[in-house]
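Please go over the structures that come below.
The same chain A turns up in both complexes below, where it pairs with chain B and then with chain C.
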Partner chain A sequence: MAAHRCSRSALLLVLCSLCLFSIAESQETTPAGDHRATGVDNPQSVTGSTEQMAEQPTVVEEEEEEEEDRRWEATRDEVETENTSAPDTSAPTFEVHSSVPKPKDDFQEELVIRPLHSGDIYASFQFRTLWETDFTTGNKVSHYRLFPKSLGQVISKFSVRELHISFTQGYWRTMQWGQPFLPSPPGAELWVWFQDSVTDVDETWKELTNVLSGIFCASLNFIDSTNTVQPSASFKPLGIGNVTDHRFLRYATLPREIVCTENLTPWKKLLPCGSKAGLAVLLKSEKLFHSSFHSQAVHIRPVCKDWQCKTKSWELRQTLNVVFDLHTPGQGKQEWSLFKMFSRTLTEACPLASSSKIYVDITDDPQGEQFEVSPATHLLSQAMVLGDRRTFSLYDLTQQITFGTVRSLNLHIRWKSSEGYIHYQPSKDRVRPHLLEMLVQLPPNSVTEVTVQFERALLKWTEYTPDPNHGFYVGSSVISSLVPSIVAMDTNSTREQPLFSSL
Partner chain B sequence: MAAPMTLLLIVAVTIRAVLYRSGVADLVSERVEVVSPLTAWKRVVEGLALLDLGVSPYSGDVFHETPLIIYLFHFLVDYAEITFMLADVITAVALYMAVKDYNKQVFRKQKYALEADRYPLDCLELIRSPGEMYYIPLKVYPSCSTCGLNNAVIALFILSTVKGNMLLSAIFLSLATYQSIYPLTLSAAALLYLMQVSPATFWWFVAQYAFMYLGSLLVLVGLSFFLLGFWDYLPSVYGFILSVPDLTPNIGLFWDFFAEMFEHFRLFFLCVFQINVFFYTLPLSIKLKEHPVFLIFMQLAVISIFKSYPTVGDISLYLAFLPVWSHLHRFLRNIFLVSCVLLACSALFPVLWHLWIYAGSANSNFYYAITLLFNVAQILLVSDYFYAFLRREHHLSYGLYLKRKDGSEATLVLK
Partner chain C sequence: MKILGLLSLLATHLSANSVNIEENAGQFFSSGHTNNWAVLVCTSRFWFNYRHVANTLSVYRSVKRLGIPDSHIVLMLADDMACNHRNPKPATVFSHKNMELNVYGDDVEVDYRGYEVTVENFLRVLTGRLPPSTPRSKRLLSDDRSNILIYLTGHGGNGFLKFQDSEEISNVELADAFQQMWQKRRYNELLFIIDTCQGASMYERFYSPNLMALASSQVGEDSLSHQPDLAIGVHLMDRYTFYLLEFLEDIHPASKSNMNDLFKVCPKSQCVSTPGHRTDLFLRDPGSALITDFFGSVRKVEITMETVNLTDPIEQVEQNFVNEDLQKESYSYVDQLPVSEIIHQKPKQKDWHPPDGFILGLWTLILLVFFKTYGMKHLKHIF
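And now, the complex of A and B:
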């Protein structure tokens, strides 16, 4: 990216990055200093190409979720200034005059729990670290706080612009589960955009894959020219990027790669709090791998810090998607809880996280008829997810009140029993027949089977019908759907065409 | 004697567990020879499910167990297999201890009688030696029915009677009667035995025993009422046993008879059949008043043959007693015939059932014929043992080689 600018802008960029470094090292950031830095950057961003602006909406869209949360929460909670790169109506960079030096990096952890139609439950973790730093220039970044050092060194050494790696086990069943937040293929998938400064992309790619296989304890060293491609149209940089020269893109996939605890452990180590505090305590391998679908991924990309995109931040997103299938057939949907899914409960948020939240998707059940979530929360948030407006119950782990008196949070999602009503009147021989009535909620696109075991009784000789070889005739069962009576009793429509009105 | 007993128990439990795990258990638990409408496990599960639904388990025609069974299995429904195994083990151990005690007493009596020179001289070979007097009950069957529990209660009753404990004997007898009405006939034998052990005036003894028995029975009935809150278990359980409305085929005598008779005579024949079970108490107790344990055996056999819904579980209970009378072998006359018939019938039961129900080429008469034959064989077995027992007693009193008044050899005839 820098190579495409004219030398003067490159010099200015070097100057401003030096300023940033000095600011970071002295650890006495003032907003005024920032303004100076961003003021210098301004002409550059203005001269930036239109593609840069085009990148903004995608960035905006994906950040919209957090932004809207904050807007919603602002009506209920205290406004906490959060250091994100999303455009914000109350841009904190202009109004905070705290004496505490604002750190350049920020960590947020989120968990979205979505009960699926088929009775499974989908949990999606996202740990996002934003760091306003520059790996690309010759300045060695040595002070790492929240950003993992191993990945930072990878970015700087191999001049990586974007890195996306995912390890998936299982197959996402779209018909039953809907759309995932982040689709990923089974096995391992790695695609990387290199910086323009890289001369020998293939060589760098080879080294990068080997280093990554060491970091993630996966056999990514099997990635070589036999399974690497250079797609020309399917991939665009997801972070801010100027020109997309596909010579700098490499994509490889290892479908045979198995995900196991050995991959999860180094992945967890990349988190600032590790697996000791916050949402990451739930990531226990014995439960996570006992699931229908498990996918862990690392996404690194450069993003804009704010709307004007004066500074660039690096975003590291670690996502873990897991679908639990604790549904036992024949018993209806069960009760879910954090303990049942992860065999742990939450006791505290990660102290290094600026926000730590759990979202439970209640879009399908806004009134709480199908399932109830306990402990109850008043906080709601809405977000556009994959084009769909969804409502979530929100649990803020940074608030002590979420944990209640027991100091631990164990979310329960209890399905209200859909076969709520069964009326069974057993028969008495030679007196009355069986009567079985069931109020059943049939899930869509499904087949429901009702089986009844019975025993035959011996008839007395007077009770035989004249043609006993026919056997017995069993009457048909009645299926009635409940409609409001006001519809059924509407007689106005039966004045003309009474036959069709009654159909 | 404890070591072979424990070994046998372990072997039996292992065999039972293995059979239970295999597919045999499912097959066997459906067979009508093994489960009856009274004791089937599937019906217990159904009754519990009905209770969970809020419907009384007795409102239908499926569940005929007593409320205490509901209460017991409400907690133990997941451990049913272990419960039944435990019941079998208890039965075996109780019978073993009871018979051991009984043998000791018999031996003691025999010793006194020998010393008192009461036996004729040529009877010495009839005397039982201690070496013969060991007994190991063998009962293993992988059925899933509450018959095991009934047998356990009856075995505990026998044990407490033999030990001479009047209170426990009354309690277990009331429990057994509460489960199914027929063990009431065992009370006569219990009374006779306990009077032998601790002699007292007859009517006072009877009054005591009756008081204890009725008291515990009342407690059980009251408990059942409090558990369920309504009385409709009485017609469902006891009315069912006595009036036999369900004509499911079994190895008893009731079902086909009542399926084929005129309705007009139903009550009459019902009374006849039910009195038949209880009727043998009086003559048998008069004849066997010196030998109450043998009386218990006879009563158990009579109950198992003539009750309304017998199963092989009931039969196994009195068959378990046979080794106690092993010394009677030399006097048994029909043992070969009986064993052949019993084996043949056991083999034919599933065959004719299949032919009747699945192949459709036979009808209920075939199965009932085999049932009748089976019961005739059992009656023959029981009466044979009765004859042998009485004959031995006679020989003990009058000598083994009988001579008529004119010196020629005489034969004994049971009149």
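And now, the complex of A and C:
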């Protein structure tokens, strides 16, 4: 035993001396070890180089910047090699791959910000993972990379063909906000298409809802035959497939289901980068739930891998739609920024994402007259959204220049006060009435509606008039307008003219 | 020579350290448990019972901070306070006034919520008799080497605890549940804490070994709430749990405080009620039971000096996609709203109903036959 201990201590001694020597050496050498970061087409090497950086805390600042630049170069190289090798995979050759096979899964993240007419702002996050694999054949899938394992196991165990689940809080006000990207009812909604191989669909449905209630921390186990239906005409599968026998479809909704942080936490954990990097950093519950509308959803379906559609890939889409409504009374000027909405700014894209972009909808304001987006970007993109051609300002988070010198991106959207003037004096109970004065420029050939919301207060019993059945009378609004007119205040009043001509 | 002397000093120092490590490792496993679980239950519904949710969440927070992972915590909250529409600060639950401490946090996982928090579910979780499709996060998968912490809060009385204003659990049921757990070897040691009015009545009937219980008030006493927050408009915490949280904030995973310190939490001067405890069923001396035995988590650590050889990375067999491509047909997306197909769908077979008016005709026939046979004089009884 003693000899064992002595050998252990001797080993420790040797280790200590080795450490001392290595620390002494590292202060002198250039970052030669980081050459490993370039020239490898495996995205996991990026995290490897960051670990290396952590181990050498005494590196000079200039060297740090060089390492970072090389890291960005590494990802660009990797993207290029992937692009060039893409058309070759269909050819039946023994291609000289590196020892690591080309990954079959892909992750993209994007955020669309749309300022709404009512002054609110609509933010829609979409995280999409594509994976070319087969859950349905006999061999069990065991190596998960970007696709979350919990959902993969659910798909294979319950023979799921398509799964759509959403948790929503609040109502979508179509009149004020327009159309959402993906509508969802308040509460929880779940609809699932099972594969043809399932023998007892109801039993599988019951087990699936129980498992999902554990994954999403929701009371989905209350879904049973009393709130499940089997639609016969609607809810056709959104993914690829030939057969649509509605016996394999189930739809259920729990309108009273609450959405709170405990549902957001497991939802965030399904993302490859979690909530540590990329756009998911913005998902802070304290701000997200202080909103008019919040909806988070998970959609799984099989899609075509490419335009030929010979092989299918599994697509996992996680979406989060939120509408913020911070009203600033007084001047018409309103300002939105990422920090104001999410209490966070962006510092980097998710390293595992092949694309990470922010789109700001400027269709309603192409010349930049109504609102201004800063930092300015030259990248524009056009897309068809719900039948409408819309223009977007594009921010690419994989490019280093998006973050500028401050290394963080905080988008500002400033509404320009269009020579308007608003003076609002709220009423004080039993002291003074409301006063609202607005200078508005009316567009030609249009109808403008001005609405004011007010609350009715309760009267004290002594304040009732003898005839309270009349109710209260509200004074009329007054519009002062500038109408081109020849009649003016004529200082020369000696002329003989009728009185009404000088009105 | 000097170097040799220094080296020998270093060697002896290191050997002395290694002796200590072995001693510490030995102490590690002396309490007899190898894993920790926690079952935290809030049984009250409605906004004015905000403090009960805050109680449970503050214990959840302490337990998580001291090392028990979410997979070993069963958290049951009978109502949602954080995203309640009456909460002026959504997604938060505060324990201290002026919104100092948000015990809800950003990383919470509630296992049973809303209507799921019932007496039946609670007892099923304790005894393990759950339907087979229950997910793991909703199960108490403890074994005979588990130390379990059970925390209950809500409105209670002499011998019962109210669940959601609609049902109750009695102290006898609770004692029997613990006995079932003992018989099924579902715990090594169990710490039961209850913060309700007359809480001590709930542990009066325990009879299984290795149980220790704490309550916030004696029979006949009410447990009082602590401080209201004027911005939120409700009382934020109960007194006993408030001082318990303050006590636990000073505990860290390597702390050596024991149960006797826990019994001193919230004396009558602070709590107004008299907290009680029961240790007669506990086989060890409470002074030797550490706080972290129940509130923290044991991590199994094996110290080894051996090296492990990693095998070569597994080469994934690339399937030969080529031939399959040419033979497979291409997939397509399904038509989302095929109107003509829908209209011409074969209607589902409805249950067979007799034709309209059939029942009425049948009754008329029966009446006619009756009156024909027995004569018309019976008609006057009807009209």
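The definition used in the following text is that the second predicted complex is superposed on the first by the 314 of 503 C-alpha atoms of A that agree within 3 Å, B and C clash if a C-alpha of one lies under 4 Å from a C-alpha of the other, contacts with A are read in each partner's own complex, and residues count from 1 in each chain.
By our rule, a residue touches a chain if its C-beta (ideal position, glycine included) is under 8 Å from a C-beta of that chain, and two chains touch if they have at least 3 such contacts.
Note that the structure is predicted; figures quoted are calculated from it, not measured.
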item	value
Partner chain in contact with A:V406 - chain B first, chain C second, else both or neither	neither
Which of chain B and chain C A:T311 touches, first, second, both or neither	second
If touched residues of chain A are counted for chain B and for chain C, the larger one	C
Partner chain in contact with A:L459 - chain B first, chain C second, else both or neither	first
Touched partner set for A:K206, first chain B, second chain C, both or neither	second
Chain B versus chain C as contact partner of A:P237, first or second or both or neither	second
Contacts of A:I422 with chain B and chain C, given as first, second, both or neither	first
Touching partner for A:P266 - first (chain B), second (chain C), both, neither	second
Residues of chain A defined as touching chain B within the complex	422, 424-430, 434, 453, 455, 457-462
In the complex with chain C, residue positions of chain A that touch it	5-6, 8-13, 90, 92, 99, 101, 143, 169, 206-207, 210-211, 213-215, 217-219, 221-222, 232-234, 236-242, 244, 258-262, 265-266, 284-286, 288-290, 302, 304, 308-312
Residue ranges of chain B touching chain A (in the complex, touch as defined)	42, 50, 53, 55, 59-62, 245-249, 255, 258-260, 263, 364
Complex contact set, residues of chain C against chain A	7, 10-11, 14-15, 18-19, 80, 82-83, 89-92, 104-111, 113-116, 131, 133-138, 305, 313, 316, 318, 321-322, 325, 328, 330-338, 342, 345, 348
